[in-house]
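Please read the structure below before turning to the comments.
For clarity, chains are labelled A, B, C and D in written order, and residue numbers in each chain start from 1.
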Amino acid sequence: MHEYSERTRRPDDHPGHRPLPAGCFRVQRPIRFSHCDPAGIVYFPVYFDMFNGAVEDWFTQGLDIDYATMILQRRLGLPIVHAECDFVIPSRMGDTLTLGVLLERLGRSSLKLRINGEHEGQVRLSGSLTVVTTSLDDFAAVPIPDDIRAAMKRYQAGCEG
Amino acid sequence: MHEYSERTRRPDDHPGHRPLPAGCFRVQRPIRFSHCDPAGIVYFPVYFDMFNGAVEDWFTQGLDIDYATMILQRRLGLPIVHAECDFVIPSRMGDTLTLGVLLERLGRSSLKLRINGEHEGQVRLSGSLTVVTTSLDDFAAVPIPDDIRAAMKRYQAGCEG
Amino acid sequence: MHEYSERTRRPDDHPGHRPLPAGCFRVQRPIRFSHCDPAGIVYFPVYFDMFNGAVEDWFTQGLDIDYATMILQRRLGLPIVHAECDFVIPSRMGDTLTLGVLLERLGRSSLKLRINGEHEGQVRLSGSLTVVTTSLDDFAAVPIPDDIRAAMKRYQAGCEG
Amino acid sequence: MHEYSERTRRPDDHPGHRPLPAGCFRVQRPIRFSHCDPAGIVYFPVYFDMFNGAVEDWFTQGLDIDYATMILQRRLGLPIVHAECDFVIPSRMGDTLTLGVLLERLGRSSLKLRINGEHEGQVRLSGSLTVVTTSLDDFAAVPIPDDIRAAMKRYQAGCEG
């Protein structure tokens, strides 16, 4: 499957669009009929929805911090303050996309996650989400709780190791 | 309604987050129950879906180029190759958001649109979409057709005038 | 635009699929790119999402009971316990669908709404939602509050009058 | 988790809402943050979207008829002409829902699928989709192709056996 525009978007224009380290958490997502638009390719906001689901799975499976418990019991909110994505190669119904998560920056009460969509070793899309940890009671920023920070640091070490 | 985090996101950190020029095309969108998540605020991928709808309305109403005809009859595709957004202030059910469209860059076969979400004169979110004009028959990039380019240039002039 | 299958779905098979009374509340919805699937027609769950939005507008504009206030301030929940729809004629990007709301049944703590999607006087889809009024604090059914019931009775009278 | 309304919706009011036969195809779906509304429960149109995904998986994994190939290569369309669902017990983020598929009726160019959502042996929702097989070239109904019909008959036998 070719790129949207070979002239304007060559792989070497995007040095960051390399597959993530092998140690990163990855989930697979089937591309469904419902994800695709009348042009037959995934409608781009669907990718951001997939990113959010990948982050859920990363917490629960990758960090061993149950996402639902964190939101519903601990009342920790994770609003997105910035999201972006380069869409390099379109995907179609029947494809399986592998989403990988890299923790690019770990701040006091925010983190930045890079999320790549890969298919057969090729980066089809590369985005990031910047998340602020907040209290769901007053929506004010709160420091990342110690257990979650520790799990994230372990993840970072394992990802790159 | 306060910002996600006053300390990390002050208005003066985002000099670009000023209301768009008065001449820009704007559409209003009610924030619905279905747009909101369990935290009661708009789920961020919904904004990107709203951006796409605002671009449709901008073509049809702002440029007088019927969007559906452009896609279905002229077979011109508009895949998004880059999308991004700063989410500054959350919105809730019952709010009405005004989305404005600024044509930031007009290339040979691509364009970059800034889209702001405003509420009572305040910028709640500010994003951009980079679009490549393609043929829906082979997905190759094609130059922006002359009539569309002319309409876009008129829009740019009117927006800033 | 022809029906999905002339032999299995003729208008006279659906005697209920007549346009709603002229007095019913109606809203218009543009069919957007994002509503359509790779076959170029509206993806059916989107219609149920549109139904929910039409019900919101019906409360706020048709009954003069502000929907957001009802949910967020009065803490009245409106879970759907049954939804159904006949999809008679598909719609495509660029169409404008008119959604009309008929209050078919008004119970003690539930109501049934018929919602038709019409295009140039023709019924393209006809569905219904059965809603239970609940307390958002404990999710138990509660009687429809008096002011809302009164507004609904006035609506019923006006719709059929 | 209690039902929406114990008085109006008791299990014995819904004799059809028993778990599907053990031989039926089933898929598991995590309930995500993005599926839930400000009341904290799954927004009902999401279930219909999940139904469509379950049908995709049923074709590909349950019938061994690759869904994407059927749509994209064989150009067989599967528009939904009727959809309905009883929502008995709400689901929340962190739950895992099991969706099962029963082929209730196999016609000449249409089929009716019952789809139940089960959680720990309890039926939380029970719906159906009526699908017409059409040509994606002219949207006219076509008989269910022989290989697909044979696979469906085998499925029916195995499901109930």
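As a working rule, a contact is a pair of C-beta atoms (placed from the backbone, for glycine too) under 8 Å apart; a residue touches a chain by one contact, two chains touch by 3 or more.
What you see is a predicted model; the values in this text were computed from it and never measured.
Between subunit A and subunit D, two chains of identical sequence, the interface residue sets overlap for the most part, with shared numbers making up over half of the total.
Superposition angle, subunit A onto subunit B, using Cα atoms only: 180 degrees, a multiple of 5 between 0 and 180.
Measuring from the averaged C-alpha position of subunit A to that of subunit B gives a distance of 23 Å. For this pair, subunit B with subunit C, the centres built from the Cα atoms lie 29 Å apart.
Once the centre of each chain is set as its mean CA position, subunit A and subunit C turn out to be 36 Å apart. In subunit A, the residues that touch at least two other chains are 33-34, 38, 40, 43, 45, 49, 52, 71-72, 93. On the subunit D side of its complex with subunit A, the touching residues are 30, 32-34, 40, 49, 52-53, 56, 66-69, 71-72, 92-94. Chain contact summary for the complex, subunit D toward subunit B: residues 33-34, 36-38, 40, 43, 45, 93.
The residues of subunit A lying in touch with subunit B in their complex are 2, 4-9, 38-39, 41, 43-46, 48-49, 52, 71-72, 77, 79-88, 90, 109-110, 132, 134, 136, 139-141.
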